[in-house]
């Protein structure tokens, strides 16, 4: 253990900390200042487009969790599957996005919003129409580049820092 | 002089009362049902990272502190002599400085001995 | 009015409590504490005499300081002995330590 | 008036604490009450205008000696399961103590003391220094005191030191 | 003091392990049903046990604005929990940067991570040792339902099996903002509930649980 | 002169017949001062550390988060009280009282302004040192009385720290006393035409380090090192009892800042502003330095803590003491500015030599 | 060995429980520590408080479906786990990754290395008692990386980005410019941080010479990564067994001799610089073209076995996969770095103080998810 002169290293450290007081904090004050999250954000919900869905259940197969539960009935007139129930338990889903990647008909999106805290466990189970896209439930651009283009640009901490340095 | 210590004594009483009130207040509030209180045996058991304690709780402790305390005691008594000396130094003159030097020197022998015998080492 | 006698009686009481403890207790640490009580009793006497009989001289207070020095030395060595005994016998009950009873 | 009140409070505290030290079963609490007793004695010193001594009392007794005692209590806890029993000497000790107390109180109350009418010194620190360190002061006792402390340190370290040859019979 | 290289300074742990196993088995057996969400209890019958009702809002405000958290971050959600406290999101703005390692001084248990059965008695114990009033936020899919590991034999499917959960925050892991949102929901709840319900009077499965302490006594 | 300073001077120490008023006034002032300053200290610490760590710190509760300490205090008051069933109950309950009372007593002799203090004792400094040593008994009782291993470890560490740091601290004070020739706090402030931080730089350093070790401030906060001992000696404390220890921690920090202000920073003296304001400003600055070091430095280890005290601070304090004594005896009437130069040189040399000689800690125990 | 201690008294050792819910056991590690006063006589590690059965769960998921599971192994550096797993599967199924995919992988792998070291150094300093400040500075940098990861794959922590045969999505347009901005900034930060702490006396006293891991012990325990390099073992899979396109980059392997906590700290800081160097080179060379090989949604590798390993941020991270030509691995075993590095803990801490135990433990840099799996 060699020290040059006792206290020099500590003084250096003290200098650094005191200088940080004069820097702008990197905090974004959440409820008021919101960050633009990533365009590909995997928010905490699934969005399902009833019109586009063919009931092929590729998503359910791709899901490693088995979160998606699809009940279909065959509609004889159209010679198509008709989706009767499409149930997702978002309290169980891990937002991995594999189902979205798998869906061949672009009928499934991950949500863009993340403020989904609930008081009750039961509220996480969502079925059919609760899964629709709406202004409260925007879709994210994960695996959907066309949606990603429309979403606002992500705020980056790096840019904040570099701007300040200039 | 007693008057000023009287002030301190009275203040001491207030200080003790103040801190006692701070301690007793929650008990009163508990009976007013402002503070919840649901003791049970798990709650009242010892916290040790969420596990039960292993072995005795009140373990016998390390002897090593004793050496520090020993040297501390001797030096603390030395300090008692130094206070009046420091106050009166200008009037007492150089002679007292020699006396104190000798005195400190004597005790420093003990200090050095303790150091050499590694009593001041923590192992 | 509080006079010298009050202090002396207080000191006597304290001394006797200490004495009783030192004679009857079997726990070595408690005995040491009792000895401290006795020394304190003596100190009270010294200071009381000093402040009632020679108020301008402080001789008693000087003595009291020396008593404290002695007390400190006594505690240091006494506890060291207790610890040494404890280390050997795992016990500090004076009655059980035959070594000192010869 | 104030002095009387302070004296009686302190006296009660001291005697009560001292009795508790002697009779309590829990050694740690006894040590705590010993500290209370020391603080009471410091109060008594203040009523006797010995303020420097009172501070020293707290500094040395409460700050140092009691720390040592508490340390010893903690370290020797293994031998303390039995609490604080008294030995067979109880009755003789009561007799001796009571007799001594009687004699002392008799002596104290019957003798006449030449009480000086002078006011006690208010600032005791500087005169103490003069008494201790001036050329005709108590220099030799001071140095002897220092030597005593030195002896105490050395002795205590030597006593508590582990004797290397001793290791076998311990295990 | 010497350390003997070959000596094992370890207490016999076999018996302890057996005990631990028994406690876990008992716990598994006794927690077949999950504990109902406290939101239901409070809405159902709000027991106002406060005399000074006019001071309610002050009390709630105080409790709301200083939620000290107990330490419990078993797994990955702990990363985002740290990020919540870190400069970018700064949970300290809400007065909750003080993490008390001792549950006695904590108000909020944020269960940031997967709970295995082996861990369950400990978490239960920590929760029990917290001083009331206390709240629990189940963070992440694992906290809500066992998440990705739910199908494993060893994972508790959701913290609400063993302790009552006040707020569930979904995500795997939830973003710090999502957690902060959850904390705000909890704060709202503290304000709304006026007083904390007296847990002892409610149908509380906690009361019927094995007591790990008693088991240890026989040793 | 505004209202507060007028009030402070309204009751001089020797106001005839005003003994009780004097006592009542200063009792109230001290308690209010301590409580307000503790709240302020908590706020400063949390906001200051926040800013040093690139974040804001509490800013939601009340304007600028100023009510945060109030909310904390209120919440803690309303928490459940838990007493462990293996605890020594009386000791457990009394420990906070024992820890808190001496801290309040310290303020009795600290001059807020010229003559504005509860009482100016002849032995003021000695009183402070003596009283503050009682406080550790409270910590000790807490550690013992809880019956928790972590608490006990914390309490033992506390004893170790106190045992080690009291001596250097006292010796540093004696260095100051040599210059003033009095133990009274008022006289010490009066003697500081130059703040003693310049006259006694080494003494100041020693005192600052020793003080922060005595009151468990980081980097010496080993008693409650939460990364090692969960919460140290107050692991088992909840509710108001815990709040008392929290209060003690900050009240001690404020007390130490006030003492440092009095002894080394010329107390209430200063140009332009009213004296009591100077006193408060200086106290806050010293406290801020404590926060600053806390935010920067890692924690030392227990053996390093002791080594620092015994092998570096103690010899340095002795050297400082005798250098001061010789200076006072050799040049009794010279301007103190000379001492400033000499003592700074001595300090630099002492630290330099210490750097060469001093090895912190011995690390591993031989196995 | 001999005692140097001359003065001592015997005390009875006592057992202290550290963890699972202890502030500095990085999750739920539990040790029973036998203490003599403050000195650690022995520790008994206890595992399984985060045993989540990842290896077993992988046997019932498709090969792609396993990727989210690998994320949760070492959650401090999820991208590295993805990569290691995909490397193993590609070996098993003999898939070649296109150039662009390889470069993206290298960039993300180095980014996660930086992020991981930020956390490792920060939490070690936090354990040493630096009350958050260095931790938060480092975390601020980590946060910048999180931003970039989020831009790539929409998640901050558990990325699930690297896929068998490439990566899941192409780089967004604004990614490379942002990364270019980040590199000099991190350089600047590292310099500032070294100024902040490198000479700090307390840190040196706490970390230098503490918890020495001798070279032979490290080799015998199979230690890898920064821990081994701090003990003087110059071993790095990126150089020794180049996977991906690492052979095209120039970089050094920082090593140190003493193998103490301070060296581990220094090696990690140096590695961050080297990673930046690699990123710098990779940004300039990223080719166009496809980012992912044509791989069917559900792959069925031929029966056989493969071991794919990479130099993860914590050391060698390997996946051993056995396939029986079904859609899910027949057996998967993970050579988890943290677990193997942790085996050295007991030898490192014997005889140190309890405070050192925390620092040494912090300096190993483990993630419980990986230890217990």
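For reference, chains read A, B, C, D, E, F and G in written order, and residue numbers begin at 1 within each chain.
In this text, contacts are C-beta pairs under 8 Å (C-beta built on N, C-alpha and C of every residue); 3 or more make two chains touch, one makes a residue touch a chain.
Please read these numbers as outputs of a predicted model, since none were measured by experiment.
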{"item": "Chains contacting each of subunit A and subunit G, listed by label", "value": "E, F"}
{"item": "Most distant chain from subunit A, judged by the mean position of its C-alpha atoms", "value": "C"}
{"item": "Which of C-D and B-F has more C-beta contact pairs", "value": "C-D"}
{"item": "Euclidean distance of C-alpha centroids - subunit B vs subunit C, Å", "value": "21"}
{"item": "Approximate Å spacing (C-alpha centroids) for the pair subunit A, subunit E", "value": "26"}
{"item": "Whole-Å gap between the CA centroids of subunit A and subunit C", "value": "75"}
{"item": "Subunit B and subunit D, separation of their C-alpha mean positions in angstrom", "value": "17"}
{"item": "Overlap residues in subunit G, where contacts from two or more other chains coincide", "value": "1, 3-12, 14-16, 20-23, 32, 36-39, 68-69, 133, 136-137, 140, 143, 200-203, 205, 209, 350-351"}
{"item": "Shared-contact residues (touching 2 or more other chains) in subunit F", "value": "50, 52-56, 78-82, 121-122, 126, 149-150, 156, 159, 163, 166, 183, 226, 230, 235-236, 239, 295-297, 302-303, 360-361, 365-367"}
{"item": "Interface hub residues of subunit D, defined as touching at least two other chains", "value": "3, 47, 49, 51-52, 56, 59-60, 63-65, 67-68, 71-72, 74-76, 78, 122, 124-125, 128, 132, 145, 149, 152-153, 156-157, 160-162, 170"}
{"item": "Residue ranges of subunit B in contact with subunit F within the complex", "value": "1, 3-5, 7-8, 10-12, 14-16, 18-20, 22-23, 25-27, 29-30, 34-39, 41, 43-49, 53, 57-59, 61-62, 65, 68-69, 71-72, 75-76, 79, 82-83, 86-90, 93-94, 97, 100-101, 104, 108, 111, 115, 120-123"}
{"item": "Subunit B-facing residues of subunit F, complex", "value": "19, 22-23, 26-27, 30-31, 77-86, 93, 96-97, 100-101, 104-105, 108, 118-122, 126, 146-150, 152, 156, 159-160, 163-164, 166-167, 170-171, 174, 177-178, 181-183, 230, 235-236, 239-241, 243-244, 302-303, 306-307, 310-311, 314, 318, 321-322, 325-326, 328-329, 332, 361-362, 365-366"}
{"item": "Contacting residues of subunit B [partner subunit D, same complex]", "value": "1-3, 5-6, 9, 58, 60-63, 65-67, 69-74, 76-81, 83-85, 87-88, 91-92, 95-96, 99-100, 102-103, 106-107, 109-111, 113-114, 117, 119"}
{"item": "List of subunit A residues in touch with subunit G within their complex", "value": "1, 3-4, 6-10, 12-13, 16-17, 20, 26, 37-42, 62-64, 94-98, 101-102, 110, 140, 142-143, 148, 153-154, 156-159, 161-162"}
{"item": "Interfacial residue positions of subunit D with respect to subunit C in the complex", "value": "3-4, 7, 11, 14-15, 18-19, 21-22, 27, 30-31, 34, 37-38, 41, 44-45, 47-50, 52-53, 56-57, 60-61, 64-65, 68-69, 71-73, 75-76, 78-80, 82, 84-87, 89-90, 92-94, 96-98, 100-101, 104-105, 108-109, 113-116, 118-121, 124, 127-128, 131-132, 138, 141, 145, 148-149, 151-153, 155-157, 159-160, 162, 170"}
